[in-house]
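Next come two complexes, and both contain chain A; in the first it sits with chain B, in the second with chain C.
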Partner chain A sequence: MNMSITPLKIQSFPAPDRRCGKGTGERPIVSMRGVRKAFGGYRAVDNINLEIFPGDFVAILGPSGCGKTTLLRMIGGFLQPDEGAIEIDGVDVTKQGPAQRPTNTVFQGYGLFPHMSVRQNIGYGLKIAGRPKSEIDQIVDLNLGLVRMTEFAGRNIRELSGGQQQRVALARALAMRPKVLLLDESLAALDLKLRQQMQSELRAIHQEIGGTFVFVTHDQGEAFSLANKVAVMNKGRIEQFASPSEIYHRPATSFVATFVGEANVFKCRRDNGVIALTEDAVFQHSGPSGDVTVMVRPENIKLLKDGSPRASEISLKAKVADKSFQGSFTKLSFIDDGGREIDVNLGNDADLARIQIGEVVTLFWPANSMIVFDE
Partner chain B sequence: MNHRLLWAAALVVGTFMILPLLVLVFFAFSSSPLLRLPLEGLTFNWFLRLAETQGFLGSLTNSLLISASVGIVSTMIGTLAAFGLSTGKSRFSGTYVSILALPLMVPPLVLGIAFLSYFSSLGLRLGLHATVIAQVVTLQPIVVLIVVSRLSGFDWAAVDSARDLGASSWRTFIDVTFPIIRPTILGAALIVMALSLDDFIITFFTIGGENTLPTLLWGMMRKGIDPRMNACALIVVAFTLLLGVIALRLTRNPD
Partner chain C sequence: MAGFRLPRSVGLLSPSLGANAICFVVPLVYFFVLSFLQVRSFQVVFDPTTSNYVRVLQQYSGPLVSTLSLAVTVAAIVTVIGFIYASACRFIGGSKGGWLLAIAMITLFGGYLAKLYAWRTILGENGILNTGLIELGLIQAPITALLYNNFAVVLALTHYTLPLAILPIYGSLRAIEDLPIAAARDLGATDFRILKDIIVPQCATGLFSAFAMTLLFVAGDAIAPRLLGGTSSSMVGVFIQDQFGFRVNAPMGSALAFTVIAGSAIILLIIGLGGGRLVRQGDQP
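Here is the complex of A and B:
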């Protein structure tokens, strides 16, 4: 076994990737520089640098407590950063409150006004802005249509279901035609079917009216299906800001690799450019000697039926510990000699019936499907 | 077996809680000046006699004045306190609520004497104003507790939304916050007014030479019992019940 895979350059904090914007000369619609926010001694948001370009649909993805909602609330003006600056459309808004900013937020609990009708809710911002009544009616009707709630215009908020309230909250924010629309886990309270439906409607609305959408979620599926760029946050920092496919296939840190999708993780060492997962599974990988984390996705691992793996493949023997049917695929759990657990996702067409729990089989995967992180 | 016990308990409660009220109502309309059964006939006479009683109209006016003032002042103070305690980030909020609620736990007799000696040491003359101050102190915790509990379930996202849509903090309060909690505040005010109308002990120690309905009743009772007192008590009960029923309806959760 003698090979080398392209070493990945690992950055603990990637610089904003301008290539993802619409054009190289374009000015970002939202720009955050060195933004920090602490609550008591707890650093909720720690040195955030982020540039969002006009037309982007951005997901801020992370586990609970990673600071994603704090970040969104700072963009919306509900929290002031302790340090750093926030610019929206070229204007420094760091010191501005939510009323002054060209942003609107759809809150997690929707924040509808329960004593007003659907129509009054959607028209509230326009009324505050002093728009004439006829214009307000026209804009409200347009946005009611956009979220397909036209027939509910006169209803009381309390008479609406969760999904309908969600639509009203969205229409109320959209009626202001904000330069940046912010959504705070807005879909989290809906059941799966409704959530998927709202996701596709959100996509359609973004297509239709354009503008920049930024939403916060802990749901990787939601982030990937809606956003063209995803910021993965952990412990107050953005670990990676890139397209969904790049985040999945080329995670920048081991946190991103394990948080996004499933991953088998091997903690091992690199000595003189050689990494040994086990005694047998050894491959060359240039870089400084020291501890490394090697990641391989369950869907990249196959079972070796006969013959021996090719030079560009890694293989190791492991015992079948568990087998569970997952619908579109079957998950097999293995334990190798070193007691490590390895998950493998196989299509249901594979010879699954033949595989018995307790049996020892040879697993293999292409060396270039592995990602190595220096610790 | 359990059912019988329950019924027995209900009977005891009924005998001592509801029956006295019914007796009061009956004798207020009894034509005989003696409080005894059976009723000989029905009459509104005692209400007329009550109206002619020296000091009655003054006491009624005083009662309504004090009740209204205490209702308005303690609701304003209590609501402001509740907002401060609910929106503030202080981890001592719970302690502050307990301190404000202290007058509820001290016996009214002790409070009455305390107010009396405090006011006289300040040189503050006794009278309606002194009673209003003393009652506001003792009744504001009820407003604080009611409004704090309503605000604990309050959807602050609605307030954030209003600000987000461009409303100033004042406009947000007028358009969003106040309309949402208005029933709670009105209910709290009515409960406080009902309690103020009923109060005897604090009023007795602080009102000086004036009378309210309860102190007037107490004065009349010292000269002997007659059906005018039943009529007077019935008026107090009717006001209190009315305020209580409206308050309960208003403070009930809309869901």
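Here is the complex of A and C:
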């Protein structure tokens, strides 16, 4: 907020636009250490350590009640942590309120000022900051253009649709050029089409002006399509903080594996470095003996037409229980001898049409597509 | 579209329009006409004249001005205290706010006269306040300046009208959502700026109704000044009552009443326009 703004130049964020700040030795823009927050004995956020780097577009992803919104509110200053410290751009802001922090929030319910016009809403923060009127007008115009609301500048808030209000809320926060822009399930209230449109616009805005964006969502599609880093939260903890592809292909915990994308999960045992999914499907996997969870994605499983699987592949027999066309692929549900359900996503080809419900087929997948979690 | 809707909405509104006409418009028109007539030998005669209004301005301009200024004083005090109280009801979390409001509303159970007499008991020479202070040894002789003056009238009227003023303010504060307040704070607004830019503009209607209701009540009151006011604090309401009562001059009383209404309307117009401009200025970017 105290940075100098050159209103007519779009690149006015202080931070360079980089896709990922990890491992460069650069100072994080947001740093949380040992942050905890409880509401009447319920641990909403439990020992969070998180570093967000300048230019990052971070998604905080998790089921409802996982503490993601609490975490965001603590970054924004709307909630004080019970324990731990929050630093933004090298300054300890743990005790500061939202007004003092170089962050701005786009609220889920927008929080627009109903008695002000679109223009007045967007300019309000700048007016508080005491900027001259001509400068405010320039910045407001720039941000109206950014969210494509220029022709609505004089409108009353009550005359706008939900999607338009969303844009005004975004422009109002962007007008402050915050060091960190926070979005609290901002797109959740919009219908699918509008949400997708706003997602691509958000991505475009981030690419255009840079800066650090942190948003909360329960929608993994949204998290993956927007963010360059995703923090998956569960029960107040961050289970994994990594790039979308890493989270998808190398989930750190069985929660991440099942929450993100579809997964077939086998609960079984490892004895002396050998895991047996079924009597036949056995593979070697080093580690201590005990209960394990084995995960394999539906798209990695294939149907064996003839011959036998290679040594590097796992196979088992299962009965087709259900078959449903999903557009770009077909989802098949199988039940194996042990009564386990296995989902398989297959590309639509001619062979698929011949598969009948009730038929027994052999499924196989590469051993290295499985992920094993020790329980 | 409007052409089709109008008859239907008129139809739906007709009960309330009818009640309004019978209880409000008809009597007002009656007294308005009456205010231009005269009384001869205790009889109202149909001889239209403006002499009543001329006499009002000649004989009663002093009480008129003091009545309206007292009404503005009470209305201003009540609106400010009412806003503070209603804000507490609205912004104090949980059920506490509801309880605060309930407490204010419970005081409405006491009748108007009961409250006025209560103030006499409290403020009188041998009242609770004086005897209490003497008991405590804080004063030697009773303070007589507490009663029979404008102070006592303002105090009692403030007390009586406050809960009535809290309601419309509370109603408009209830309509203000928490999120815009949080957003204003996020954009750097201090508590004072939030009050000035976000809360007051959005409850301007409630503040104005509270002010108007109090002003009109006080400007027309004849009882509090009679019971608590001194000889110097004659309010127009007392004179109006006299004209309708033992002076048997209803036209004169009507003319006085309409002058008070006109004066109040002018004050409200000025405050409405001025307040509106102030509020609009507050949210210019």
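Methods note: the second predicted complex is superposed on the first by the 352 of 375 C-alpha atoms of A that agree within 3 Å, B and C clash if a C-alpha of one lies under 4 Å from a C-alpha of the other, contacts with A are read in each partner's own complex, and residues count from 1 in each chain.
As a working rule, contacts are C-beta pairs under 8 Å (C-beta built on N, C-alpha and C of every residue); 3 or more make two chains touch, one makes a residue touch a chain.
Here the structure is a predicted model, which is why all the values come from computation and not from measurement.
Taken together through their common chain A, the two structures put chain B and chain C in a clash. After overlaying the two complexes on the shared chain, residue contacts for A:L346 are found with neither chain B nor chain C. With both complexes superposed, C is the one of chain B and chain C in contact with more chain A residues. In the superposition on chain A, A:R119 makes contact with chain C only, while chain B stays out of contact range. Looking at the shared chain after the overlay, A:R158 reaches chain B, while chain C stays out of its contact range. With both structures placed on the common chain, the touch criterion links A:V140 to chain C but leaves chain B unconnected.
Contacts of A:V214 after superposition: neither chain B nor chain C is touched. By the document's definition of touching, both partners, chain B and chain C, reach A:N104. In the overlay built on the shared chain, the residue A:L187 is in contact with neither chain B nor chain C. Listed for chain C are the stretches 92-100, 146-154 or 272-280, of which 92-100 clashes with chain B, judged after superposition on chain A. Residues 76-78, 97-99, 103-105, 107, 109-115, 124-125, 128-129, 169, 172-173, 176 of chain A contact both chain B in one complex and chain C in the other. Interface residues of chain C, counted against chain A in their complex, comprise 177, 179-180, 182-190, 193, 197-198, 201-202, 283-285.
Partner chain C is touched in their complex by these residues of chain A: 1, 76-78, 97-99, 103-105, 107, 109-116, 119-120, 122-129, 133, 136-137, 140, 169, 172-173, 176. In the complex of the two chains, the chain A residues touching chain B come out as 76-78, 97-99, 103-105, 107-115, 124-125, 128-129, 158, 169, 172-173, 176. Residues of chain B that touch chain A in their complex: 155-168, 171, 175-176, 179-180, 254-255.
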